[in-house]
Amino acid sequence: MDSNIVNFIGCDNPYDESKIVLFGAPFDSTTSYRPGTRFASRMIRAESDGLETYSPYLNKDLSDIRVFDAGDLELCFGNTEKALCAIEEMTAQIITDDKLPCMIGGEHLVTLGAVRAVFSKHPDLRVIHFDAHTDLREDYLGEPLSHATVMRRVWDMLGDGKLYQFGIRSGERSEFAWAKKHTYLHPFDFETLEDTVKTLGNVPVYFSLDLDVLDPSVFPGTGTPEPGGVTFDELRRACMLLRGLNVVGFDVNELSPHYDPSGASTAVACKILRELLLLFY
Amino acid sequence: MDSNIVNFIGCDNPYDESKIVLFGAPFDSTTSYRPGTRFASRMIRAESDGLETYSPYLNKDLSDIRVFDAGDLELCFGNTEKALCAIEEMTAQIITDDKLPCMIGGEHLVTLGAVRAVFSKHPDLRVIHFDAHTDLREDYLGEPLSHATVMRRVWDMLGDGKLYQFGIRSGERSEFAWAKKHTYLHPFDFETLEDTVKTLGNVPVYFSLDLDVLDPSVFPGTGTPEPGGVTFDELRRACMLLRGLNVVGFDVNELSPHYDPSGASTAVACKILRELLLLFY
Amino acid sequence: MDSNIVNFIGCDNPYDESKIVLFGAPFDSTTSYRPGTRFASRMIRAESDGLETYSPYLNKDLSDIRVFDAGDLELCFGNTEKALCAIEEMTAQIITDDKLPCMIGGEHLVTLGAVRAVFSKHPDLRVIHFDAHTDLREDYLGEPLSHATVMRRVWDMLGDGKLYQFGIRSGERSEFAWAKKHTYLHPFDFETLEDTVKTLGNVPVYFSLDLDVLDPSVFPGTGTPEPGGVTFDELRRACMLLRGLNVVGFDVNELSPHYDPSGASTAVACKILRELLLLFY
Amino acid sequence: MDSNIVNFIGCDNPYDESKIVLFGAPFDSTTSYRPGTRFASRMIRAESDGLETYSPYLNKDLSDIRVFDAGDLELCFGNTEKALCAIEEMTAQIITDDKLPCMIGGEHLVTLGAVRAVFSKHPDLRVIHFDAHTDLREDYLGEPLSHATVMRRVWDMLGDGKLYQFGIRSGERSEFAWAKKHTYLHPFDFETLEDTVKTLGNVPVYFSLDLDVLDPSVFPGTGTPEPGGVTFDELRRACMLLRGLNVVGFDVNELSPHYDPSGASTAVACKILRELLLLFY
Amino acid sequence: MDSNIVNFIGCDNPYDESKIVLFGAPFDSTTSYRPGTRFASRMIRAESDGLETYSPYLNKDLSDIRVFDAGDLELCFGNTEKALCAIEEMTAQIITDDKLPCMIGGEHLVTLGAVRAVFSKHPDLRVIHFDAHTDLREDYLGEPLSHATVMRRVWDMLGDGKLYQFGIRSGERSEFAWAKKHTYLHPFDFETLEDTVKTLGNVPVYFSLDLDVLDPSVFPGTGTPEPGGVTFDELRRACMLLRGLNVVGFDVNELSPHYDPSGASTAVACKILRELLLLFY
Amino acid sequence: MDSNIVNFIGCDNPYDESKIVLFGAPFDSTTSYRPGTRFASRMIRAESDGLETYSPYLNKDLSDIRVFDAGDLELCFGNTEKALCAIEEMTAQIITDDKLPCMIGGEHLVTLGAVRAVFSKHPDLRVIHFDAHTDLREDYLGEPLSHATVMRRVWDMLGDGKLYQFGIRSGERSEFAWAKKHTYLHPFDFETLEDTVKTLGNVPVYFSLDLDVLDPSVFPGTGTPEPGGVTFDELRRACMLLRGLNVVGFDVNELSPHYDPSGASTAVACKILRELLLLFY
C-alpha cells in the first residue's frame, strides 16, 4: 500500500529524472503587517487539484515535462538568518544536481536565500522582479533582513544595473529616488519589459514574482494588497515574454491563504505557477 | 394574514399569467472539488432585494414583464439520475404550458435535465454555452454523469455542430482536440459570438450560462475559479447579443455562496439573471 | 509615557497647524440591507499602516502636508436626525476654523450632515457625486432621511442643476427620469467629468465619493455591491481631474469591513483617501 | 404550480386554524455595537430544515400542533418609533384573533412593541426576561428607545415588582442598584426560577428570551457576547419550568447570523424555538 | 531528495510493520443539508502538526505504536454505491493483512462500506455508535443509501440487538419508536455505556464515532450541529471505557472544515483520533 | 479639538496618577503554527467598548481604580531578542515608576521579556502560569527562544520549585517528566491552586495567563487550540483565588483574532482582563 504523497498537480516525477525541482519555503517571520504566507505552499498543492495540467495558452501539458516536488522546508520561525541558510542550502543542492530550482514562498524575503545560492554559481546574475512594492529599504526598524529590504540585499550582491523591477507602485519616496540610481525600476506596468528582455540575451536570470504585483481584485489574498495593479492576463503575457531567457531559478511568493476565503487567489497562484513551469522547462 | 412567499425580486406574478417560469435546481452531488452550489438559488432570491427591478442598460423593468418563481425542486442528493429526471419533468411541464423555463443551478450537470426536456420538443435544438471549462469529458472517474461531462452528454443528443462554446480556457488536451471535430469551441472570449448569432436565425436555442466564465476577480464565488476570464461588462454585452434569438430555455449556474463572503458574486448572478429575464421575455 | 493615539497614517499634526481635518462618522442606522459601514473609519485607520505616505502617482507625501485626525464622532444609532446634527456641528466648526473637512462614513446619508454645514457658508455650492446608485428617492418606506434619499435631500438645498452625478448604474426608473430634469446624471462612467470640471471654475464644490461606484471586483466590501462599475485606475484618474477645483469639503463612504475579509476594499479606501488628501490640500 | 412559501419547519398551517402565529421583526437600528440581528428570522427559517420536528425531550412533534408563520414585517430602519408601532400593530391583531404571538427578533428593543400590545389587553401583565444584560438604562446617549433601555421601558408600563430577570451578568453599577428596588433581578443563573414560577399562578405572562443569556461558547452568534452564561441544557430546562404558566406572548431575539459562521448559534435558536412552540401551545 | 509525504502526526510507519492502518474516505454526496465533510481527512492531517504525539491522559505516545497512514481513497462523487464499494475493498484488504482499519470520514454513510467488510469476516459483529442523530430512516427521499439511513443499513446486516447507540438526541418520532424494538438506543449521554461494555466481553466490535455527538459549542464544525450534546471530556472518558473491547475496526466522521473557521473542531477531531489510536492499539 | 486616543475601556487615566500600566506586546514571530496574536491588543481595545466597566462578580468598577493604557510597543518582527529587550525595557520603566505592569500579548514568549525585568527587581520571584501547554522545551528546532520554550527560559532565571503551572494538558512526554523534578505542574485543572496560594504568602508573584488554558469551546481564537480545557467560570474563580497575593506583574496572552470570527474569544479576553485589573489593583 502506498504512502500519502502530496504534490503540485502533475509534478510527480522522480528527482533523478526531473529537470525542475519545486519546493516550498514556508516562512513569514519578518512580515510586519499581516502574516500567513507560511501557509501558501501547502494550500497551493492542495488546491492544484482544481487545475488542469494542460495549458491552452501554451498548448503544453505538465505531463510533457518532468518536475519533482520536494515538499516544504522545515524553517525556524523567529530566526531569520537560520531560515535563509536552509533555503540557500536547498537551492544550492538543486543547482549542483543541474536542475532548475522553483521556490514557493513564504514572504518575499525567502528570495534572498535562493538568490544567494544562484549568485554563488552565476556571479553575473540579473534579477527580474515583479512586485507592487520597491522592497529597497536599507533596513526596517533597524533590521537589515526583512520583506521590505529584500531587493536591497539582492542589490548588495548584484551591484548597480542588474536588478529589473516591474509593476512597482508603492514605497517610500527615498526608495524611488534610490532606485533611479541603482536599479531599473519600471513603475505600474510591464511596458518596457519586452525591451529589457531583448537586452539580456543569454545572461543568467533569476525571476522573482511577488504576486501582489497583481491588482487586489485579482489577487486579494496577500499581506499588503496594493490597489492599481495589473490584471491576470497582463501578468500572464508578461511572463510569456520571459520565454527564451536563460532562467536559472525562479520563485512565486506572497500568497497569504487566510486572506483568500474564496480560493480565487490560490487559483491564480496555481495557474501562474503552471504556466511558469511550462515556460521555463 | 399572508404566508411568507419568497421570490426573486419582481417575479411575483401568478403562474397562469406568466410567460417565464423561474425555478431552482439545488444539486451538487457530482461536484468533484468544492461543493456548495446547492445553496445558490436560495441565496440569489434572498439577495435579490438589493437589486433594482429596473435595468438602465435595457431601459426595461421587471414590473413590465410577467415571471413566476416556482421555488426550488427537492432533489435527491447522491442519486444523480433521479435528480436529473426531476429537473426534466419540471422543465417539460413549463414547456407544455407554453412558458419559457429559466433554471438556477446548482452545478452545471443540472443543465442536462433541462436540455433533455427542451430537446424532446425541439429536436433541431442548438445550445449556446458560456463557460471557463470544456465540460466535454466522456466520463469522470468512470461516471458518465458529472459536472465535467455535461456538455458531452448534451452533444450525445444534439450531434455534431450544434453546440457553441464561448469563453473556454480550461480542460484536458484531449477535450480541446475532440471539440475541434464536434463542437464550435471559441476559447477565452466572445469574439466570434456575433457571427454565430447571425447564422442561427430562428432555430430554437437553449442558453446555458456557467458563471465561472467570468474572471474570478468578478465572480470568486464558485467551485472551480479559473483565472483569465471575462469582465462583467463583457458578459453583459455578450448576453445582449443573444437578443433576437429564438431562446426556448436558459439557465444560470455554478454560483457557490460559501465562496462568496462579500456577496459580490451573488450580486453578479442576480444582475445577470435580471438582464436575461428582460432580454428573453 | 504617551497615550495611545490612533491616526490615519501621516495625519498626526496638531489641530491648530492643520489645513485639513479628518473625522469619522460611524453611522449606518438607515441602511436598509446590509449594515456595517459604522466600522469603516476605525478599520481604515488601523489598516492605513499598510499604506505608504508617499504617492508615486502625484509625487507627493503626506509628510508634506498638514492633516489632523479628530477620530470618530459618537453618534446615536436609531435617531437619524440627532446623528445628522452632530455631523453638521462638527463640520461647521472645522469650516469656522478655516480648515477643510474630510469625513469618513458611514452610510451615504452622513453626507447630508456635512453638506448642510458647508451649504450654510456657501449658498452657491455645487456637489460632485460618484456613486453606483442614484440616491434620489423622495422617501424610503415613508422616511425622508435614508441612504437611498440622500442626494434628493441635498438637491432640496441646492436646487436644480447643481448636483453632478457620475458612475450611476442603479436606481428606480422614476429616479432616472427625475434626474433628467433636476441633476446632471452621467451614467456608468466618468466620460463627461473633464468637461464638467471645466464649467465649474472657482465655484465652491463639495465632493462626495460613494466607494460603491467601483466595480465589486475592486471593492466588494460594501453593503450593496453593484456590478458593472469602474476600475481603481479609472476612479483614481477621475479624482485627479478634480484637482484645481475649489473643494470646500469632501467625504469617502460606504466601506463595510464585514464584507471585506481579504482587506482589499479597505486598502482601496485608504489609498483613495491618501490621494484625495494630497490632491485637495 | 405552487409559489415558493418559506416557513419555519413544521409551521405551515393556515392562519385560521392556527393557535400560535410566528412572525419576524428584522430590526436592529439602535444596536450600538455590532448590528446584524435583522438577518436572524430569515436565517432561522432557512436553517430550520436541519432540525427535526420531533422533540425527544418533550416527546411532542410540531406536526401535533398548529402554527402559522406570517413571515417578516417590513420595518423602517432609522425610525425606531415607526418600527415599534408596526410590531405593536401586528401583535395586537394576533391577540385580537385569539392566537398566541411568537416574535423572532431583531435586537431586543423589538420586545417593547410586542409588550405594548400585550399589555393593552392584559394590564396585570408580568414579564419574564432571560438575558445577559440588565437592559435597564433610563436612556442611551440621550435616547429613551434603545436595546439597552428596553426593559426600563417595559417597567414604565408594568410598574414595580412585575419584571423577573434571570441570568443577568452585565450592566452598569447603577442599573443593578436600580433593579434592587424595582425588578426581581436574579443574576447569573436560573436558581430561583422555579420559585418564581410558583408565585405567578395564572397571571398573564410575557416571556422574552434574549439568547445572549447563553454562554458565548454555546451562542457566539450575537452582537454583544458576554462570557459566563448558561449552557444549552440549563436554558432548555429553565424553559421547561415555564410550562403551565399563562403565557400570552413570547419572543426569541438577538441572534446575529454574521457572527455565526459555523451555524451553531442558529441551530441553538431553532431548537429552542421548537421547544418553546411545543411548550406554550 | 525525498518526496512530500503527508501523514497524520506520528503515523509514519511502513505498512508492513504497522498494526493500525489509517485512511480517509472523502465522500459527502448524500449529505442533504450542508456538504463539506469530504475535506475532513485532508484537514485533520494538516492540522495534526499542532497536536503532540503524547497523551497525558493515557501516558502513551504515538511513537510507542505503529500506525500507517494510507492517505485518502479517490471516491466517485454522485455514485454512492461505487464509493461504498471502494471503501469496502480498502477495509477488506486491511483486515486480510491482519491490521486494524481506522477510517476518517466523510459523511456518516461511509461507515456502511467499512462495516460491510468487517461484517464479512465477523458475522457476529456488534456496532457501537456515538451520534446526535438516530440515522435509522428506512430511506431518505426514496433513497436507501443516505447519511440519514446508515445505521438502518447496518442493522439490515447485523439484525436486532446488536447495534448500541449513545448520545442520540435527534430523529423522527418513528425512528425512536423503531429503535425501541431493534437497537439499544441510549439517548442524550453515555450513562449506560459502562454496563454495555461489560456485557460485550470479547465479541468483535466496530466503533463508529459521529463527532456531532459532541455539543456544537465543542464541535461546531459539522453539517448538522445539534445542541444539547456531550462535552469533550465526557466523550474522551466514554472512549476510555471502550478499552479492553475486541475492536475490529473504527471510524471518526462528520467533521466539516468549512464550518470550523477557528480550527477548534479540527483540533477536537485530531485529539480524539490520537486517543483512539492509542486506546485500540 | 482632541486627538483620537484609543484605550481599553475605563483605562483613561494620566500615567502619573495611575497604579497599573497596561501595554500591548504585538509579537508572534516564533509562533510555529498559526500566527496572528500580534493583532490581539489592538482588537481587545476596540472590542472593549462592548464590555461594561462594572463587575457584578467583584462589585467593583474600573472607574474606581486608576489604570493608564500606554498603547502598543513597536516590536521588530523576525528579530526575537530585540523584541524581548523592548518588552523588558518597558516593564522595567513601569516598575521603576512604582506601578504595576500589565501586558497584553502576543505569543507567550513575550512573557520572558516582562519576567526578566520583574526578576531583576525581585530575585525571589515566583511565577504562576495558567496554560494548556507545558512550554518547557529546551529548544524548538534548535532555537532557545520560542513560544514553546518560554517557561523553560523563565525557569533558567527562577530555578527549581518557583514555577507553578496549572491547567496543563499538552506537551512532550519528556517535558512532563522534566517538570516533575523542576516545577510544580498541576495538570488539567486548578484543583491545587488554593493550597498553592496559601503557601506563597507575601512573596512577589508574576502571573502569566495563556488564554488557551480555556477549552476551545470557550476560547477558539488562539493559535493552538487544545481541547479538554477549563470553562470561563473555572478560570474566573481561579483568578479570584489569586487576590491577596503580592502580584508584581501580570500578562494575558495568545488571543489570535483571526481565529475568532464571532468575537467571542475577544470578549473573553476583555472580561478576564477587566477582572484581573480589578483584582490586582
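Here the chain labels run A, B, C, D, E and F in written order, and each chain numbers its own residues starting at 1.
Here is the rule we go by: a residue touches a chain if its C-beta (ideal position, glycine included) is under 8 Å from a C-beta of that chain, and two chains touch if they have at least 3 such contacts.
Note that the structure is a prediction, hence the values are computed from the model and not measured.
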Other chains in touch with both subunit C and subunit E: A, B, D, F
Neighbouring chains shared between subunit B and subunit F, ordered by label: A, C, D, E
Greatest separation from subunit A - chain, by CA centre: D
Chain whose mean Cα position lies farthest from subunit B: F
Subunit A and subunit B: spacing of chain centres that average the CA atoms, whole Å: 38
Numbers and ranges of subunit E residues touching at least 2 other chains: 215, 217, 261
Chain-level touch network, classified as line, ring, star, complete or other: other
Touching residues on subunit B, where the partner in the complex is subunit C: 49-54, 56, 59, 61, 215, 217-218, 231-233, 236, 261-264, 267-268, 271-272
Touching residues (chain side subunit F, partner subunit A) in the complex: 28-32, 35-36, 38, 74, 76-80, 82, 140-143, 145-146, 258
Residue numbers on subunit B that touch subunit A, as the complex places them: 33-34, 168-173, 176, 187, 215-217, 220-221, 223-228, 259-261, 265
Subunit D - residues contacting subunit B, complex: 1-7, 15, 21, 42, 45-46, 68-72, 93
